[in-house]
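Provided herewith is a single structure, encoded as structure tokens, for subsequent inquiry.
Order of writing sets the chain letters: A, B and C. Residues in each chain are counted from 1.
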Amino acid sequence: MSKAGRCCQSCLHYSFDYETPKTLVIPSLGVGCVFRFTQVLILAYVVGYVCIVQKAYQELDSVISTVTTKVKGFTFTNTSELDQHFWDVADYVIPPQGDHYFFVLTNLIVTPNQTQSRCPEHSNPSTICSSDSDCMEGRSDPRGSGIQTGLCVNHSDAVRTCEVLSWCPLEDDTNLPEQAVLAAAENFTVLIKNSVTYPKFNFHRRNIAPQINSSYLKRCVFNPVTDPDCPIFRLKDMVSMAGEDFQTMAVKGGVLGIVIDWSCDLDLWGGKCEPKYSFRRLDNKDPDEVAIGYNFRFAKYYETPDATETRTLIKAYGIRFDIIVFGTAGKFSIVPTIVNLGAALSFLSLLPAVSDWFMLTCTGKKDYYSKHKVTYLGEDPETESIAMDTCYGTQ
Amino acid sequence: MSKAGRCCQSCLHYSFDYETPKTLVIPSLGVGCVFRFTQVLILAYVVGYVCIVQKAYQELDSVISTVTTKVKGFTFTNTSELDQHFWDVADYVIPPQGDHYFFVLTNLIVTPNQTQSRCPEHSNPSTICSSDSDCMEGRSDPRGSGIQTGLCVNHSDAVRTCEVLSWCPLEDDTNLPEQAVLAAAENFTVLIKNSVTYPKFNFHRRNIAPQINSSYLKRCVFNPVTDPDCPIFRLKDMVSMAGEDFQTMAVKGGVLGIVIDWSCDLDLWGGKCEPKYSFRRLDNKDPDEVAIGYNFRFAKYYETPDATETRTLIKAYGIRFDIIVFGTAGKFSIVPTIVNLGAALSFLSLLPAVSDWFMLTCTGKKDYYSKHKVTYLGEDPETESIAMDTCYGTQ
Amino acid sequence: MSKAGRCCQSCLHYSFDYETPKTLVIPSLGVGCVFRFTQVLILAYVVGYVCIVQKAYQELDSVISTVTTKVKGFTFTNTSELDQHFWDVADYVIPPQGDHYFFVLTNLIVTPNQTQSRCPEHSNPSTICSSDSDCMEGRSDPRGSGIQTGLCVNHSDAVRTCEVLSWCPLEDDTNLPEQAVLAAAENFTVLIKNSVTYPKFNFHRRNIAPQINSSYLKRCVFNPVTDPDCPIFRLKDMVSMAGEDFQTMAVKGGVLGIVIDWSCDLDLWGGKCEPKYSFRRLDNKDPDEVAIGYNFRFAKYYETPDATETRTLIKAYGIRFDIIVFGTAGKFSIVPTIVNLGAALSFLSLLPAVSDWFMLTCTGKKDYYSKHKVTYLGEDPETESIAMDTCYGTQ
């Protein structure tokens, strides 16, 4: 054989000779059972828990969502402050359109005909005065309502307070109606249109299923049992489902979460991917808290014929409905499958070490097994034969 | 040697003696090839698919985004309802600023000079009456427009309907202009400023690249081919790119998604991290659907000289542009690398079991291989020598 | 023994006989040390880095958040354009309520008493005219302010420009006050209420911790060192913490991010899950950029006694505060634990291959070790004994 040929053959041998461990088969039912049982346990975990329960073979994506809402309803109120007043959507939904939320006015304090002028402060210990020297021109108390003019004027017949420059007359928000003015808002309904996308899977869906016909939509109202697919919600129902009372919540306002869960398993037939609605109060109703409830101030501006700017200040209490859309979609993908299978299988390859330890420590014939399994090599080539003798003592 | 010394030495041996399996090298090209080929396959999968295609060595983070928008454009309309009217941004963008969206008014129904008063209901089967007895004082039909006063009054010369307490005159939204009033809105432009953050990587970026100079920004209009970096979009172009017709959509309104994809590979030069724009209609344009299109009502409130509150009700139809920013950034991280490599490599350690099975079942010399590889241990130490003989039969 | 019995026994053997590799113990301190050291390294990585630093044993979830804000403060301005004006929340927070943001007006250009009428264009090279022939009826220049009527009229004594149909008088936004009109806005405060949810763990929390009493909340102001739990922020403080100057930013406006990081380790005592606030300017302050700062136009509409619609156009400059809530919560879960442990442990099972290679290449006694570890099987059963002789040469 030529030198090159031999070299090539040796190289081939080096690459393609197959090296396999010599093994010893031990006919021990005990060890065998432990081994098999553990193997089965690991496989059961992989198949049962990782694959079936946790769906670890799926790639995940988070939902992207768009929401439009449309409130319907009107009411008529007859209070001392507002006289007779008819309310429709343009009056009580503020702002007229929102992104992922809508606000329905339920209670309010109106301060009409405010102008930039001067008026006495509200009466409280820090504003009561007996003479002009108690007030300081230009002073602006953060707890106050305006810039002091330096005068002390009559607040009422009995009380004198510092005069301030402000939008006058001042708002008096201590007399919030104890019954919500728009108590009838509980019967208003809202149509929620929600369109979601899972960009990784190029999957789009709407909360109004295509099979729902428009005549049904015109008369239905959401009910978790009888009408779970209807996208029209009565405000009172939503508050009830959050475990709250609408009339109580309407007085001081609050924030209610309309939670839409779009969690989907896209491996199954896609049509099973449906929104699940739930409701939860998001603000703290603990009466100890500062600034309890939900309110904000806004103004409608007018111009009087003599070009003075005047405004109607409204402190609006109401329920802000936040539409919270979340969800994760999963779809089979090779990478998570490999990662999860591989990781679980790596326990399989640690198993022999554990079984060997069990066999060589806990069984009765451990010495016998050990003698045939393990060869102790001597320290030096010279003492080798002796070492061999020690190990293969039966030869 | 002392006892302590011996103990210590034995302990050292126990800890640092190296136990390695005895192996058998089999010069079978078949088995060797199968083994090597599978090894190469697994490595190719790890390197090729996991690392290069899926970038499984990266840690991921989701984008956090802020958007500001500025619409430009004006138009002049001359319709019978509105007379001559000039429209600028303050008139047609409602609300004047939004968070992740902006709304452009394209069509509208105006009901001017509404006051809280009484007027006959719209004529339909449930409201037509012949005498006062057909109407009930205080009744409030959810399909109606107000609270019935109990009177039956002339709606027109021919028809009498129940009188209601409401914002009168009532809005008549049956005559929506068939051509969008603000048809010229298609030429309006919008400047979108988008600032994104990947908090895990402390990475910030804006959609207006720093190398873009302001003179270019003053005249450019986005075009996916010629001007992909320009952040100024013509409304008509966006609707076209979503596969819709602006004039059709403008009549009844709709919701258009401006999708900005910020998916980035931060391992490469960061400058490659650029926004990709796409456009998609988000609402359902199926004419069967209830409440098709997109509209909302709002009112401008006035006060007449005699202090009566009056309002102009506007039912605004238009296109809401939702700016949807999404994206995932990936950057090399040691944990996912270890996890993915480790999981893939665990298949390597399962490979010998498979190869052995192949060798001992499918090759011609399986008995010969088996004899040298596997030693069957006898049940009992006593029968041991016989078992040995069986196994090492050639000795 | 019957045939069936033998078959059954053979089957039992096949299933429960335990096959274990024969091993060779090598008393080499060098190889042993390398092996143990690498084993310890891998275990240290698993325990130290994966488990303790990266918490890879946790399942993760992203935060869902709701925010309400309430701004407090008032000021008084005395400028030539606006005369004396008192500003409160209803005047300077626009819109009165937002979702995840609020806008505070700091500077403005007011154009009062605009009506739909005709007036001369602003003077610039493209609008200056000498006679009616320079203007074209119906022309609408995108850079202009309205629709040309075709007349050339006096803009000032010296200059004539084309007349346009528009909201007149035209806004002149070239004279933005160099000092912010509402400079005092720096002392306004905002109460931020933030409620978060980790839906996967059914975990809810608010940024106002339950142990904080309301008397503290009434007087506290956020300070990262002394009052890190106070949810009330002074606007100036927030801008300073973002590294910006309030008065500079107030002139042209800007966008400031209030970043709330809710990253939590839910394995520990839940109370440790607290918001971390940070602040960052989100818009580009580079003066080269187009449309620098943050502003938008809106109008207040009035009706004059003769029923003409008139409006006050306001170009509002100010700071938009975007509340950006992000966070990831982690909680122990079996699947990521198994995956990460398994993946790391799979390196343990690759370790023997590496140690063997080291032993058979780099140690002095490599031939001696190799001789006892590896058996080279001959090509053919016939040459077997010779091959055996070669391998077990010392016998």
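FYI, a residue touches a chain if its C-beta (ideal position, glycine included) is under 8 Å from a C-beta of that chain, and two chains touch if they have at least 3 such contacts.
Keep in mind the model is a prediction, meaning the values are calculated, not measured.
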item	value
Copies chain A and chain B touch via same or different residues, half shared test	different
Relative orientation of copies chain A and chain C, as a Cα rotation angle in degrees, nearest 5	120
Euclidean distance of C-alpha centroids - chain A vs chain B, Å	16
Two or more partner chains touched - positions in chain C	19, 21-27, 62, 95, 99, 302, 305, 339-340, 342-343, 345-346, 349, 372, 374-375
Of all residues in chain C, those that touch chain A in their complex	12-13, 15-27, 62, 64, 66, 68, 70, 72-76, 84-86, 88-91, 95-97, 99, 187, 191, 193, 195, 197, 199, 206, 208, 210, 213-214, 217-218, 300, 302, 304-305, 310, 312, 334-335, 338-343, 345-346, 348-349, 365, 368-369, 372, 374-375, 394
Chain A - residues contacting chain C, complex	19, 21-29, 31-33, 35-36, 45, 49-50, 54, 56, 62, 94-95, 98-101, 103, 116, 140, 142, 145-147, 165-167, 255, 257, 259, 261, 282-284, 286, 288-291, 294, 296-299, 301-303, 305, 311, 313, 316, 320, 322, 324, 326, 339-340, 342-347, 349-350, 352, 355-356, 359, 372-379, 381, 384-385, 388
